[in-house]
Amino acid sequence: MTIFVVNPNSSQHVTDGIDRAVEPMRGASPVPIATRTLVEGPPGIETQAHVDGVVGPLLAHCAELEEQASAFVIACFSDPGLAALREQSARSILGIAEAAILTAMTLGQRFGIVSILSKSVPRHMRYVGAMGVMDRLAGDLPLELGVQELADETRTFERLKVVGAALRDTAMADVVILGCAGMTPFRNDLEAHLGVPVIEPCQAATAMAIGRVALQQTR
Amino acid sequence: MTIFVVNPNSSQHVTDGIDRAVEPMRGASPVPIATRTLVEGPPGIETQAHVDGVVGPLLAHCAELEEQASAFVIACFSDPGLAALREQSARSILGIAEAAILTAMTLGQRFGIVSILSKSVPRHMRYVGAMGVMDRLAGDLPLELGVQELADETRTFERLKVVGAALRDTAMADVVILGCAGMTPFRNDLEAHLGVPVIEPCQAATAMAIGRVALQQTR
Amino acid sequence: MTIFVVNPNSSQHVTDGIDRAVEPMRGASPVPIATRTLVEGPPGIETQAHVDGVVGPLLAHCAELEEQASAFVIACFSDPGLAALREQSARSILGIAEAAILTAMTLGQRFGIVSILSKSVPRHMRYVGAMGVMDRLAGDLPLELGVQELADETRTFERLKVVGAALRDTAMADVVILGCAGMTPFRNDLEAHLGVPVIEPCQAATAMAIGRVALQQTR
Amino acid sequence: MTIFVVNPNSSQHVTDGIDRAVEPMRGASPVPIATRTLVEGPPGIETQAHVDGVVGPLLAHCAELEEQASAFVIACFSDPGLAALREQSARSILGIAEAAILTAMTLGQRFGIVSILSKSVPRHMRYVGAMGVMDRLAGDLPLELGVQELADETRTFERLKVVGAALRDTAMADVVILGCAGMTPFRNDLEAHLGVPVIEPCQAATAMAIGRVALQQTR
Amino acid sequence: MTIFVVNPNSSQHVTDGIDRAVEPMRGASPVPIATRTLVEGPPGIETQAHVDGVVGPLLAHCAELEEQASAFVIACFSDPGLAALREQSARSILGIAEAAILTAMTLGQRFGIVSILSKSVPRHMRYVGAMGVMDRLAGDLPLELGVQELADETRTFERLKVVGAALRDTAMADVVILGCAGMTPFRNDLEAHLGVPVIEPCQAATAMAIGRVALQQTR
Amino acid sequence: MTIFVVNPNSSQHVTDGIDRAVEPMRGASPVPIATRTLVEGPPGIETQAHVDGVVGPLLAHCAELEEQASAFVIACFSDPGLAALREQSARSILGIAEAAILTAMTLGQRFGIVSILSKSVPRHMRYVGAMGVMDRLAGDLPLELGVQELADETRTFERLKVVGAALRDTAMADVVILGCAGMTPFRNDLEAHLGVPVIEPCQAATAMAIGRVALQQTR
């Protein structure tokens, strides 16, 4: 039995980053943790159409793995297919956005979200509303960096520090969530810089999945 | 230019019912109102997987109609693809659940929803939460009738009266929404029976679409 | 039968502006649209006492028009008498603030309101709270311009751009509502400048009224 | 200087009941407490039109008393003119519904409201929403008794016990508010019967006004 | 019978300030107002451990005073032991944070809180959430001044003006609460400077307690 | 390093039950799981005074274990000392109420809580409010069973079935939380009976703690 962390975009590069993110947890997991790339997905999930469009292939992908799976983690911050996979599967199902938010709710009273682009913010707001936790949201602010700019790590980290500080000082966030599956390398440094907990969502969700595997032993 | 009311399931029978629902409004619309069946859809939209699964074909269907369209109405109470179609299209886009709820908010202070099955209620709750109007919801109660039972109109109307009265008297709803695209024939009688406004969502959304076509003249 | 758009202040100048605002929609309406001035109203509605004080004359005014009316639109952003007129009249009743907010909820996830003066903001907050949509509000910011300053269109538009940008960039609004019945001439330019939908409330409410007239055909 | 408790309906009988309600507090008040009847008001405030319609005369009535007043209490559970009087007057202004709700928030975690008629419930819901305290509301249930039935004290008390128990046991209210200015005589017995605090709103508001008179000494 | 205002920290200096804060109200109170120092408390209540830790001694302190008490006011802005004392005592129990917030809700539509330190903000947020009034909160901003800096009155007042203005102009607060028991001397000047009501919580709670003593006469 | 599950009451019998609850998870945990009894606690935590009163000894108890601890779980459904322990300790800190609620939020859209006694419900409501998740609460209903009645397992299970069904069918809960640390033996049977997930809070929190231990490897 395995925890499958499924990247619903087709970028192996992103999956590799997720794998590195969860690598340190493997020794503490009672079951293997495997990362997967949804080859049918788009190179990146940037629009609501991408979010909705990957659900079908994601469900099919997970259906094939059902018998081998202890849990599934959907590794995209829009949590595509989360409700649908919960209806389909008998396993523990976690989405990285939901898990990051629930984790943040134990580490601070008001969470801030760092988004890549402002056009994602309305999608996040719908989701925070659907989760019923709008009163815990301090703010959601974008880096507003394009793909090429994100490739420049120095620049990205500078923006992370500026946006994180705005969330902490203006929006009064006392915990910050990285609103994207690909910012793991910055987490520790950003947390040290800001002085408040910074949550990497793939790690938060996989950690929660490990707990669920343990919880399954009580059934 | 046309208002397209798209039934995202493949049942022509359902589309015919929607067509009858909007028929009386055609004389008051500045543009034609056309109903469409999404042949790629499932026979009925019953699960979250169905909801997410029709988005791709629905977007493609609407993309082809874009140049002829004044507005699109998505005629399924789960509003599949609403956010995605808004990102894709330059037309006015309405979903029947959203439009029914917004209409209800002008006809009463707390709306009740009549669902077909209890398993739809959590999906509705996520949606009411995403809309940020949970404080206006009185309750969401299911008929709990299967497809065959729904075919019995007498029985269906009896359940509608019981559930509607529970929403009005116990949940204190002062306006009731039919939470499904196929209950038009019962609307007038149920409203007369309950003594509070009863909203048929396809009609509410198409009415709103007619308004939007007028509003487009101001641009 | 007619849609009556009633300006509850006594300024014919304001009514003329409202008439120009709805003029482009007349061709798309199944019934005539008539604007009315409430001669018993104050020259402008600036205080809560004004809001409450016009309700009596407004109800009387509309009672006389009841038999000729398809719908009434109350054309003041405080929606004076909205609930009372709904109790009194059998027609469709819309208020421009409520209709603008409901329309905004279909065009973006978080709406910002541009108020004329900061002293109106608490009144708006009570209203947004009564509507139960506080989680959809991004912010409400004042132009803080007096009557004479508002007469200077260049200056007014400058302030609109500044306040609109603050709502969009700081409060993260993705749709902006003009919180006053008299800013129609700026709508298109402000929308072009901001790059997010800008809603003129008289137009939004009248559009919704047109839809309601169509909806009445289904009864 | 005097605390004026103004009954905005024209019924001297109701004012007399309010006077008896506040009579026991006179000895504990630093200033006289005077009750007033708004002769321009309707015999009873039953509709939103009544609520809005009394604001003008109420403001005039209070303006004349301004110089003699320490505080005004508006003694109708719809709090007519509360916001307007706060804008007009320099005195402490309290409404009996608002004061009863704020008092309830210190005596229990979820308050129930006993209304006379179900048609008042939507008006109350708008108000609880405008106050931003919907999460503290357990429920609002009507006695559904007409004027003549209310004259029968035995019957009224029976209904109060039934509705109060429903609020306590089904809606899980741990404090109950009498949602009307005229139920003082039942308060003590109902509280004894239900075993949870029961709030009479005229008393709650006048008590708060006494506190405000004391608070004014710090300015 | 006496209103006891209990300072749950052991600083007599703080108690003396509270005594001066309530001194002007003594003449308007039907019973004596006595201030008390909880000698078992810490010198200042700065952490959640302090808040929880004083509850036991506070309950014991108040139990001894029960027979002499009309009401108790807990004079620390974290309202330590409020719910517990309400369970233990038959008297009216008020906390200065709760009372200040409820008072603010009658003086403005959105309240701002001035905290001493940012580390108190999450504690306040939990409390505002538990009160169910998050929609009425404009913001909570810290002075971020240490004990020594607070001793410099000029500097403290400068910060109060800056933070108060930020709450008023950026967060759109129309009433400001001093989120600490020791800022009484600044209240009047800050209110004059800001032009919106400023609430000193010990005074607000004691005023409310005076009202409750009057209300007890109706039982 | 160890996960310490601390029962803050002094009943070894309760601790033994908790130990049996978490026993099946030990094989899946990367570190030992030890249960502890707070000997300074009361025999049962039934009042707010008990909740507040155990915080001091609990903090001291945990401070001694800090160096050996990976995580602490506070095993009482009132989560006494949760915020204080988070301020004091550098370890992962979980409370069983918070963890049960967060877990429920991934297994259903609206959670119901089964309380032992109705007098706990207001305390739970304050907590659900402080967590900001009131919109996800379906209801909180009491078994209303005393200690002796609880000793009768047949009777207790009968009440659990009745109350659970009321939460599911009337309050429309789609996940149920056992609102007490001592109902583990009923969980599986109740879940089978109700057909919706039933959460035992000690297990939920310990599972989450196991995840956090894994997450700590990424730091």
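For the reader, a short list of remarks on this structure follows.
In order of appearance the chains are A, B, C, D, E and F, and numbering begins at 1 in each one.
Throughout what follows, contacts are C-beta pairs under 8 Å (C-beta built on N, C-alpha and C of every residue); 3 or more make two chains touch, one makes a residue touch a chain.
The chain list, named the UniProt way, goes like this: A, B, C, D, E, F = Asp/Glu racemase.
No experiment lies behind these values; they were computed from the predicted model shown.
Across the two interfaces under comparison, E-F and D-E, the one joined by more C-beta contacts turns out to be D-E. Within the list A-C, A-E or C-D, A-B finds its counterpart interface, over half of the contact pairs alike by residue number, in C-D.
Between subunit C (Asp/Glu racemase) and subunit F (Asp/Glu racemase) the centroid-to-centroid distance comes to 50 Å (mean Cα coordinates, whole Å).
Once the centre of each chain is set as its mean CA position, subunit C (Asp/Glu racemase) and subunit E (Asp/Glu racemase) turn out to be 41 Å apart.
Separation between the centroids of subunit B (Asp/Glu racemase) and subunit C (Asp/Glu racemase), computed from CA atoms only, is 27 Å. For subunit F (Asp/Glu racemase), the set of residues that touch two or more other chains comprises 123, 126, 129, 131-132, 134-135. Subunit A (Asp/Glu racemase) contributes residues 47-49, 51-53, 55-56, 59, 80-81, 83-84, 86-88, 123, 126-127, 129-132, 134 to its touches with subunit B (Asp/Glu racemase) in the complex. Put simply, subunit C (Asp/Glu racemase) touches subunit B (Asp/Glu racemase) in their complex at residues 21, 24-25, 27-30, 93-94, 98-99, 102, 105-106, 131-136, 187-188, 200, 203-204, 206-215, 217-219.
Against subunit E (Asp/Glu racemase), in their complex, subunit A (Asp/Glu racemase) makes its touches with residues 108-110, 135, 172, 174. By the touch criterion given at the top, residues 118, 121-123, 125-126, 129, 134, 139-141 of subunit E (Asp/Glu racemase) touch subunit A (Asp/Glu racemase) in their complex.
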